[in-house]
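The structure under discussion appears below in the form of C-alpha cells.
Letters A, B, C and D name the chains as they come in the text, with residue numbers starting at 1 for each one.
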Amino acid sequence: MASKSFFAVVAGVGAGTGRSVAVRFAKAYPVVLLSRKPESYEDVVAEIKNSGGQAIGLTADVNDPASLKKAFETVKEQLPGSRLAAAIFNVNGGFSRKPFLELAANELDSAVDGTVKSFFHFAQQTLPLLLDSVADSPNPPSLIITGATASVRGSAYFGSFAAGKFALRALGQSLAREFGPRGVHVAHAIIDGVIDIPRTREYNVNNGAEDGKIQPDAIAETYWQLHAQHRSAFTQEIDIRPYVEKF
Amino acid sequence: MASKSFFAVVAGVGAGTGRSVAVRFAKAYPVVLLSRKPESYEDVVAEIKNSGGQAIGLTADVNDPASLKKAFETVKEQLPGSRLAAAIFNVNGGFSRKPFLELAANELDSAVDGTVKSFFHFAQQTLPLLLDSVADSPNPPSLIITGATASVRGSAYFGSFAAGKFALRALGQSLAREFGPRGVHVAHAIIDGVIDIPRTREYNVNNGAEDGKIQPDAIAETYWQLHAQHRSAFTQEIDIRPYVEKF
Amino acid sequence: MASKSFFAVVAGVGAGTGRSVAVRFAKAYPVVLLSRKPESYEDVVAEIKNSGGQAIGLTADVNDPASLKKAFETVKEQLPGSRLAAAIFNVNGGFSRKPFLELAANELDSAVDGTVKSFFHFAQQTLPLLLDSVADSPNPPSLIITGATASVRGSAYFGSFAAGKFALRALGQSLAREFGPRGVHVAHAIIDGVIDIPRTREYNVNNGAEDGKIQPDAIAETYWQLHAQHRSAFTQEIDIRPYVEKF
Amino acid sequence: MASKSFFAVVAGVGAGTGRSVAVRFAKAYPVVLLSRKPESYEDVVAEIKNSGGQAIGLTADVNDPASLKKAFETVKEQLPGSRLAAAIFNVNGGFSRKPFLELAANELDSAVDGTVKSFFHFAQQTLPLLLDSVADSPNPPSLIITGATASVRGSAYFGSFAAGKFALRALGQSLAREFGPRGVHVAHAIIDGVIDIPRTREYNVNNGAEDGKIQPDAIAETYWQLHAQHRSAFTQEIDIRPYVEKF
C-alpha cells in the first residue's frame, strides 16, 4: 500500500550546488544523491543524517540508462511507497577551455554527451515518476536544471561547453512546454558567476569583493523556492549572479 | 535618532498584483501604497491593518515627480526614522489594442509615458533611499519591476504596449547593472499570462483550466523570494506563467 | 494618371548611415531626405545629383506629425505619381551617458520621444504609402529601422538611450507582425559598433584595428539587400558589427 | 606555386537550400558539394556545369573526420592551388517529432551528433583553410550555418531537434567570437518556415498563401549577401521567414 510520502533526487553531487541542494531539500523530503563516485556524496549523506534528515547515496552514471534504472530500483526498495516530488539535474559534462582548432572530438563529445545526453536519461527516468505525483504532491512536482552563462552565450574557447549547455536548455525548455500542462514544473537556472566552493577558493573573482562568488546555499534556496511555486505561477527560467558580477 | 526599522513601498495598487504584494510585504514591513485614487488602496490598507500589519495609503501620481516627492515626504513624517527596504513598481500605462494606423499619438504617449517615465520618477525617488539601506537592511534593498509578455515580444496591435514595456525593461536592466554592484537588487518579472482578478473573472483563459490564470498571491510570493535572495545570488529576470499557458 | 515610378525616403540624414543609405538607394530610386536642418542634407543631395541620381532634401521634424505630413505633401508635388518603395528610419533621439541619479527627466524624454515617438509618426505616414505599393513595387516595400547595441542590452549609464532603442525595436517588431502578412517588409538592424564618420574619426576603437569602425556604406549595402529580399524570405532582424568587435 | 583562385564548399546538398546555395555560389566560384549519397548531388553538379559553372560532387560523411579529410584531399587534387572562400554547413541531423517519453536514446544521438558533431568536424576541416584565405580572398572568407526555428526555441515533441540546433548555434556563435577577429566571417541563419522543396509540395502552409513557403533560391541569395559583407560590417545572425509566417 503506497504511503503519501515523497522524496527528492539530486544528480551531480559534489562540494557545491549539489551538496547545498540536497541539504536544503532534505529539510522537506528524504533525498537521494546520485554520483559516479561514493566520495562525492558520502559526506553530504552523513551531514544530512546528522541533522536529522534522511539521505541515500547511490553510485550511478547518469549517462548510462541501465545504471540509472538500477539506482531508481534501489530507491524503490529503500523508500517503499515513496514518490518523487523533485528531481534536480546538476551534472556537468567535461569542460575544455581551449582554441577550437586544438579541441579533440572526444572533448566535444564529453561536453555534449555528459550534459544533454545525461539529462535525457535522467529526464526519462524521472518524468514518469513526477507525473505520477502530480495529483497529490505537496508542491508541484519539479524538474530543475542547472545551467550556466554558457547556456545563453557562446564564447571564444568555450564552444564545446556552450554546445552542451545550449542543448540542455533546449531540451529543458521543450520539456517545460510538454510537461507543464500536465502539472510538472520544469525550470532552468542560469548560474552566471563563479560558485564559492573549495576548488574556487583561490580564484580572484570580481576584484575579491565580499560575496563576489555565489554561495551554493543561496542557489539551493532559490531552487527550493522554484519548487514551492504555485502551479498558476511557474517560472521557467531564472538567472542567478553575484551583485557585483558584470553581465 | 534613526531607528533601524524598514518599510516597503508599492506603486500601482489595485485588486491584483499590487494588493497581493502589499499584503505579502506587510508581513515583514510597514507598507506604503501609492495610487492615483484612494479607492485603489483603501481596502488593501484596511485589510493589512485588520491582519495586524501596518499600511499607509497615499494618493500620488507616479508620473509626476512633485506628487511623488510629496508622498515620500509624508512617509518620512509618518514613519520617522524608517528606511526603505523594498520598492515595487507595478504601474501600467495606458493600453490600446488596435490596428497601428488607428492608433492616436496620445495613446502611444499614454502607454510609453505611463510606463517608462513613471518608472523613471519612481526609481529616482527610491534608489537614493535604497542605497541608504544597503549597509543594514535585513534583506538586500530591492527594486522590483512588473513586466509582461510584451516586455520581450512585440505583437500586432500591441505596439504601444510593447514599446512601454520594452523601455521599462531596458531601464530596469540598466539600473541593475549600475546599482547591483552598489548593493541594490533590481529585478524584473515577466508576467506571462492573465492574472486572476475581478476584472478578468469572466475571461476564458487556457480553456478554463483550473489555475489557468495567475494567482496574484503567487506573484507576490515570488517577489518576496526575490527580495529575500542573498546578494551573492541575485536574480535579474524571471518569468511567471500558469502551468497550462502556451509560450 | 499615376506612373509606375517609385521613390525612397530616409529620415535622419547626416554624415554617416543616413548619407550612405540615401546614396545607395538613389542608384534605384529618387530619394527624399528628411532632416531638421538643411545643412544635414544639402551636401548629400548635391552628391546624389552630381552622380546622376535624383534627390530631394526637405526640412522636417520627424517628431512633429504636422511637419512630417507637410513634407510628404511636398513630395507628392515634386514627384507626382511616384509611390513609396522604401522608408528608412535612421533617427537618433537625444543621448545622455550619465549616472542615473544625475539624469534629468527631459533627458529621458528626449531619448524616448526622439526615438520611438518620432518613429511612430514616421511609420504612420509611410505605412499607408508602402501598403499602396505592395502590388507592383519592384522589391517588396520596406520599412527599415536603425537600432543599436542598446536595442537589446541595457547598460549602466545608458538607461535612457536603451529605453528609447528597446521601445523602437518593440514597435518595429509589432509592425513586422502586423504589416508583414500584408506584404510590407519591416526590418530592424542592430548596429553594434562605432560607425566611421567625421565625428568618430579620433575615437580609438578596437585598438585602432583597420576596419575596426563600421563603414556606413557597408550598412547601406546591407539595408539595400534587406530591401531586395524576396517576400518568401524576409529578415526581421539582423546584427552588424566590425569583425574585431567584442560582443 | 599557388594561384589566386578560390572555391566554395557546401555540406548537405539535396533538392532545397543546399542545391540553391551551390548554384548561387557557383556564379562566383567552383563549388564542391558534399553528401553521403551521390544521388543527392549528381543533378546539381550537372545543372551547374550546364550553366557554365564548375562543380565537384564528393561522397562524404560529414560526421566522420576521416571521410571528410579524404574529401578535402580530393579537392586539393582536383582544384590545385585553389583556396577556400566560403564553407556552408547545411546538414540536418535526424529528426523525431514525438512525445519525449517515447523518444529513444539513439534518436537524440542522431539529432545531436548529426548536427553539432558534424559541424564540429566540418569547422575543423574548413577553418584552417578559411584562415589561409583571409589575406586575399575577394570577399571575407565565410563559414555560414543553416539553423531553424528550433535554434532559438524548444517546443513540445521537438526536444531532440532543438537540442541539436541550439548546440549548433552555440558552437557557431563561439567560433564567430574566436575567428571573427582573425578575419573569418561566421554567420548563422535562422530559417523560420517551411522551405519550398519537392518533399513539402503537398504541405498546406500559411493557408496556402502564395510565397508562403521559403524559396530556397531566396535563402541562397541571402547567404551570398552575407558572404559579400565588408569586414567592418559582419552579420552574425539573421532570421529568414515568409512574409505571412506567424512568429
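One rule holds in what follows: a residue touches a chain if its C-beta (ideal position, glycine included) is under 8 Å from a C-beta of that chain, and two chains touch if they have at least 3 such contacts.
Here the structure is a predicted model, which is why all the values come from computation and not from measurement.
Asker: Since chain A and chain B are copies of the same chain sequence, what is the angle of the rotation superposing the Cα atoms of one on the other, rounded to the nearest 5°?
Answerer: Copies differ by a rotation of 180 degrees.
Asker: Farthest chain from chain D, going by mean C-alpha coordinates, please.
Answerer: The chain farthest from chain D, judged by C-alpha centres, is B.
Asker: Which whole number of Å gives the spacing of the CA centres of chain A and chain B?
Answerer: Each chain reduced to its C-alpha mean, chain A and chain B end up 31 Å apart.
Asker: Could you please state the distance in Å, as a whole number, between where the Cα atoms of chain B are centred and where those of chain C are centred?
Answerer: 35
Asker: In angstrom, rounded to a whole number, how far apart do the mean CA points of chain B and chain D lie?
Answerer: 46
Asker: Among the residues of chain C, pick out those that touch two or more other chains and give their numbers.
Answerer: Only 177 qualify.
Asker: So, with touch as defined above, which chain pairs make the list?
Answerer: Every pair of chains meeting the touch criterion: A-B, A-D, B-C, C-D.
Asker: Note which residues of chain A are touching chain D in the complex, please.
Answerer: 65, 99-101, 103, 105, 108-109, 112, 116-117, 120-121, 123-124, 127-128, 150, 153-160, 162-179
Asker: If you look only at chain C, which of its residues touch chain D in the complex?
Answerer: For this pair, the touching residues of chain C are 140, 177, 180-181, 183, 185, 196, 211-215, 217-219, 221-222, 225, 229-247.
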